[in-house]
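Below, chain A partners chain B and then partners chain C, in two separate complexes.
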Partner chain A sequence: MSKTIKNLKQFSTANERFEGAHLLCPGCAHSMIVRELMNCTEDNLVLSTNTGCLEVSTAVYPYTSWDSSWIHIGFENAATAVAGAEAMYNAKKRKGTLPNPDAPVKFVAFGGDGSTYDIGFQWLSGAVERGHDFTYICLDNEVYANTGGQRSSSTPIGASTTTSPAGRVSYGEKKMKKDIVGIMGAHGAPYVAQVAPNKWKDMVKKLQKSLETEGPCFINAMSACTTEWKFDPKDTISVSDVAVDSLVFPLYEIIDGKELNITYRPKNILPVRDYLGIQGRFKHLFKPENQHVIEQWQKDVDARWEYLQRREEARV
Partner chain B sequence: MQKVGWDEVSAGTILDSFSQEVDNSALVRPEDRPYADTNSYTASVADWRVLKPVYNRDICIDCQNCWVFCPDTSIISRDKKMIGIDYDHCKGCGVCVEVCPTNPKSLLMFAEQDDNEEALSQWPEKKKKGE
Partner chain C sequence: MAEKMELKEVEVWDGNMAYAQAMRQAQIDVVAAYPITPSTPTVQNYSKFLADGYVDGEFVMVESEHGAMSGCIGAAAAGGRVATATSSQGYALMMETLYQASGMRLPIVLGVVNRAIAAPLNVNGDHSDMYMGRDSGWIHVATYNPQEAYDMILCAFKIGEHMDVRLPVQVHQDGFISSHTAQNVRPLQDEDAYDFVGEYQEKNAMLDFTKPVTYGAQTEEDWHFEHKAKQQKALMDSRPVIDEVFEEFEKRTGRKYNRVETYMMDDADIAIVALGTTVESARAAAQIMREEKGIKVGVVSPRVFRPFPYEKMQEALANVKAVATMDRSAPGGTVGMLFNELSGALINTDKRPVLTNYIYGLGGRDMTIENLKTIIEETNANAEAGKLTVPTQQFSGLRGPKLSFF
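This part shows the complex of A and B:
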């Protein structure tokens, strides 16, 4: 059972289970998301992590930053590993060989966007289809940040990365971002949501809901990357604020693949231009010859927001 | 702690978080935990810092914004009160200063070599509206 969290003061009494002195960059949003997950529940946690920034930085030999059971095996199989652990737990419970069968246990897998959208997608899809009781959290920083900033299928149009560099001929990444939340919703998963670390209350609510829901749940967490998005480390939260308020990352949830609820509606919707302007990876879009990309961005974001609102009304 | 070379580490390494069995770490306060040498809690990243946050207890309203957004588990809060900064684990990113809502801010960045007492004596005055 998750504890009730009414306000930040009460939330701050949690006993931290994610230790400092991990080697993530200063100002990285990954650890904010992981901390909130581990602080929002008092249940035992069984965790796994795909290869990626989070894994290489929190288990640097000879140190571990995790105060719960945690496993890393391959680039693609955090979902499979935790599904296996869950299957074993259930089998042992059935046979009566668990030492402490009444202790509540939650199974959580973490993956970056590279290992979720691209490399681990087949494994994630399989684990969701089999219906294991686990939560998968994608830390979406829109780039392979761990290996030096190559594009992934989460990289949005116009972003300059090491494998889609902007220059005289190219304006950077040419393809649209994959709609992973929609794809996971189409699996018929009982709970799918998109969160951002700056809206901590919305995030804690969704994380707790996903832990309590039986069956496979998927959370796409925006994780602003100071290194690859190219902004100052202290601005992680303000960049996230602009991303949410410009509707580039709308916050919503899909229940049973049908009911879509928008959980946050910005009072003042900011133009996408504001979001692009504060990041170095979109700097080249402000040249006169690339203005059409910004216009395209705005059109896409508006169309997406319209789609989400229509779907919320339709309840299908 | 005994360290071994890269060719002596066996495939599949287990790193212990605690030196004794802990039933559920969520129910044990950090100061009461038997941390093992292999827990990164025992390590330090203080040498990453160029600027450090300094905390002014007199202005703080214990809103805990810094606590929830700190990426390095370096804001120490006990019993709903902010009691200090963990300088062993803080990397000096400055997120806590950015999210601090008080006027003037109760957390400010100073150079790593500055003395904390001296920093507190140079604290800026309250800003008036429109300043």
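This part shows the complex of A and C:
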């Protein structure tokens, strides 16, 4: 059952099921998203996490930050781990052998963008196609942050990472990020959405909707990374604000693979340049020879916004 | 409740049907599986049982073998009986998760139908997959025919789920020679089989919300070694439980299994050591060579080769003068696994028999009685000379010039 979260006090309530004493970087957005997922429901949770920042920061033996059932297997298979647990729940429910038969339960998998867009995509796609009743949350910080900032297929054009570094003859990453939300929508999943922790009301609503929706749901959560995006740890929320107000991270949902709803329309749309300018990873784009990348960025964001609005109108 | 299946006293089953029937009778909660030759029929038979109402657990047809074992791990950690089957490339793809299953001490049962590993691509039986995973922290049980495949799957649940063990168990049978060859199998009736296997006992179940549990934590140099040592202890401590389960199975069925199987070893001067269907061929060849040539040859096979039956192999081979170890896996630049294991087990014994190694049967090449007769004769010559009369390692059944490097 969903909890009522109407104000910031309720939003920021410490959740007993996710200890604050974890090892995530100061300013990391992961913990805001995870805490809120665990805060927004009163149901029992069976959780899984792919290898990544969240996993290595929350379960270093002999400690654990999780006061809920939690499993980590490998880099790629959190979706399948929780799908297996869900299958076990269904089997035991049918056979009448559940240890807590009347306890409501939700199944949730977490992964970073590396484990979601890249190495774990097959496992995610398979689990969604099979229709397990679970929610998959991608903590998207657009880089393999846990291993020291290598590019993933979520890394946007122009970002300097440790495997797509900007240099004398390179402006960094050459490709725009993969459209994971569109791809998951194309699976026909009943609920797919993009969220950002700064827009917390929108995020809580979508998290609750994904938990309450039967079947496989997918949430792509923007998780600004102070370490790899290179901004001051105190600026996580302000950077996130610029991300959504410049439409770099538009907030929307897709229902049953068809109905697309834009859930946040900025009153003043900021130029992409403003978003790029506040992060060290894009610093080199402001050299005269890289101006074309910023122009390309703006064109891509405009085209994407146009596409989302048309999809919303079309209702198909 | 699942329907009961009436079984005849003697059924004609191939090894895959034997696996599937034993899995059905164990009333597994979750099977997560993916097809691959030659273990595919295990999964197909099981899904047909489900379609006909004989299974009331969940059957999850995943997108890869890695996914199959990942799903099994999630399901087992949730708290219930779990099994799957695979072969060869699928086994290789599962490899990462095999270590994770054992490291998390989850009593999953994996029915392996052994097959070669590419390249070159080959669908036939050899032990390359079995050898690849032998150190993955699972209990490994070898079988020689469909009857044993059936019996050992039932025993595997009881061993792995035992509260003093809690480890995953692999049962192996040879691709095609056992998996696709219909033979007489004497099954237990459903109630009897389930009574033997017993109810699943939960331990640290993720679905027990009164006691949240963290699976798959990280340990670095401060704790990892202690965890792996505990895992090794659990594997070694499983030996008396395996013996108990085999005894209980004998009481119920009259079929006696041992961690090391011996054949005509009482007066043997020499021994063949092998795994899988070759054990049956070697027994036939031993009988012939005793009758035809008067060579006192016996056959020894580690039924359970992890935990390796070190002392039992020493005992079984205590009085022989020469031993031929037979490895059905490409040795990858060294001697075969059985040669290595036996060298280790026998080096500190009083008699230290002359030890040779035969690589054979790769990619489904037949191991014939004629090949085995040659091996027995060579081993006998070693015993009589008290030293090697042939190279340490040879390739048996290989076309072209003779190969030996050691």
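Keep this in mind: the second predicted complex is superposed on the first by the 309 of 316 C-alpha atoms of A that agree within 3 Å, B and C clash if a C-alpha of one lies under 4 Å from a C-alpha of the other, contacts with A are read in each partner's own complex, and residues count from 1 in each chain.
Criterion: a contact is a pair of C-beta atoms (placed from the backbone, for glycine too) under 8 Å apart; a residue touches a chain by one contact, two chains touch by 3 or more.
Everything quoted here is computed from the prediction, not taken from an experiment.
> After the match on chain A, would you call chain B and chain C a fit or a clash?
Here chain B and chain C cannot both sit on chain A without a clash.
> With the two structures laid over each other on chain A, which partner does A:W66 touch: chain B (first), chain C (second), both, or neither?
In the superposition, A:W66 contacts both chain B and chain C.
> Would you sort A:N90 into first (chain B), second (chain C), both or neither based on which partner it touches?
Touch partner of A:N90: chain C, not chain B.
> Where does A:D302 make contact in the superposed view: on chain B (first), on chain C (second), on both, or on neither?
The answer is neither, since A:D302 touches no partner chain.
> Once the structures are superposed on A, label A:Q122 by its partner contacts, choosing first (chain B), second (chain C), both or neither.
second
> Would you sort A:D256 into first (chain B), second (chain C), both or neither based on which partner it touches?
neither
> Contact-wise, after the overlay, does A:L8 reach chain B, chain C, both or neither (first, second, both, neither)?
first
> Applying the touch criterion given at the start, work out whether A:A103 contacts chain B, chain C, both or neither, answering first, second, both or neither.
both
> Touch test for A:V56: chain B only (first), chain C only (second), both, or neither?
A:V56 contacts chain C only, not chain B.
> Touch test for A:N44: chain B only (first), chain C only (second), both, or neither?
Once the two structures are laid over each other on A, A:N44 reaches both partners.
> Kindly list the residues of chain A that each of chain B and chain C touches, one partner per complex.
44, 59-62, 64, 66-68, 103.
> Looking at the complex, which residues from chain A come into contact with chain B?
Touch residues, chain A against chain B: 8-24, 26-32, 35-36, 38, 41-44, 58-68, 103, 197-198, 200, 226, 232-238.
> Inside the complex, what are the residues of chain B that reach chain A?
Within the complex, chain B contacts chain A at residues 1, 3, 9, 13, 15-18, 22, 24-30, 33, 37-45, 48, 62-65, 67-74, 77-80, 82, 86, 88-95, 97-99.
> Over in the complex, which chain A residues touch chain C? Could you list them?
On the chain A side, the touching residues are 44, 46, 48, 55-56, 59-62, 64, 66-74, 76-77, 80-85, 87-92, 94-95, 97-100, 103, 105, 122-123, 125-126, 129-130.
> For a test of understanding, state which residues of chain C touch chain A in their complex under the given definition.
29-30, 32, 56-58, 60-64, 66-67, 70-80, 82, 96-97, 100, 200, 202, 205-210, 212-220, 223, 227
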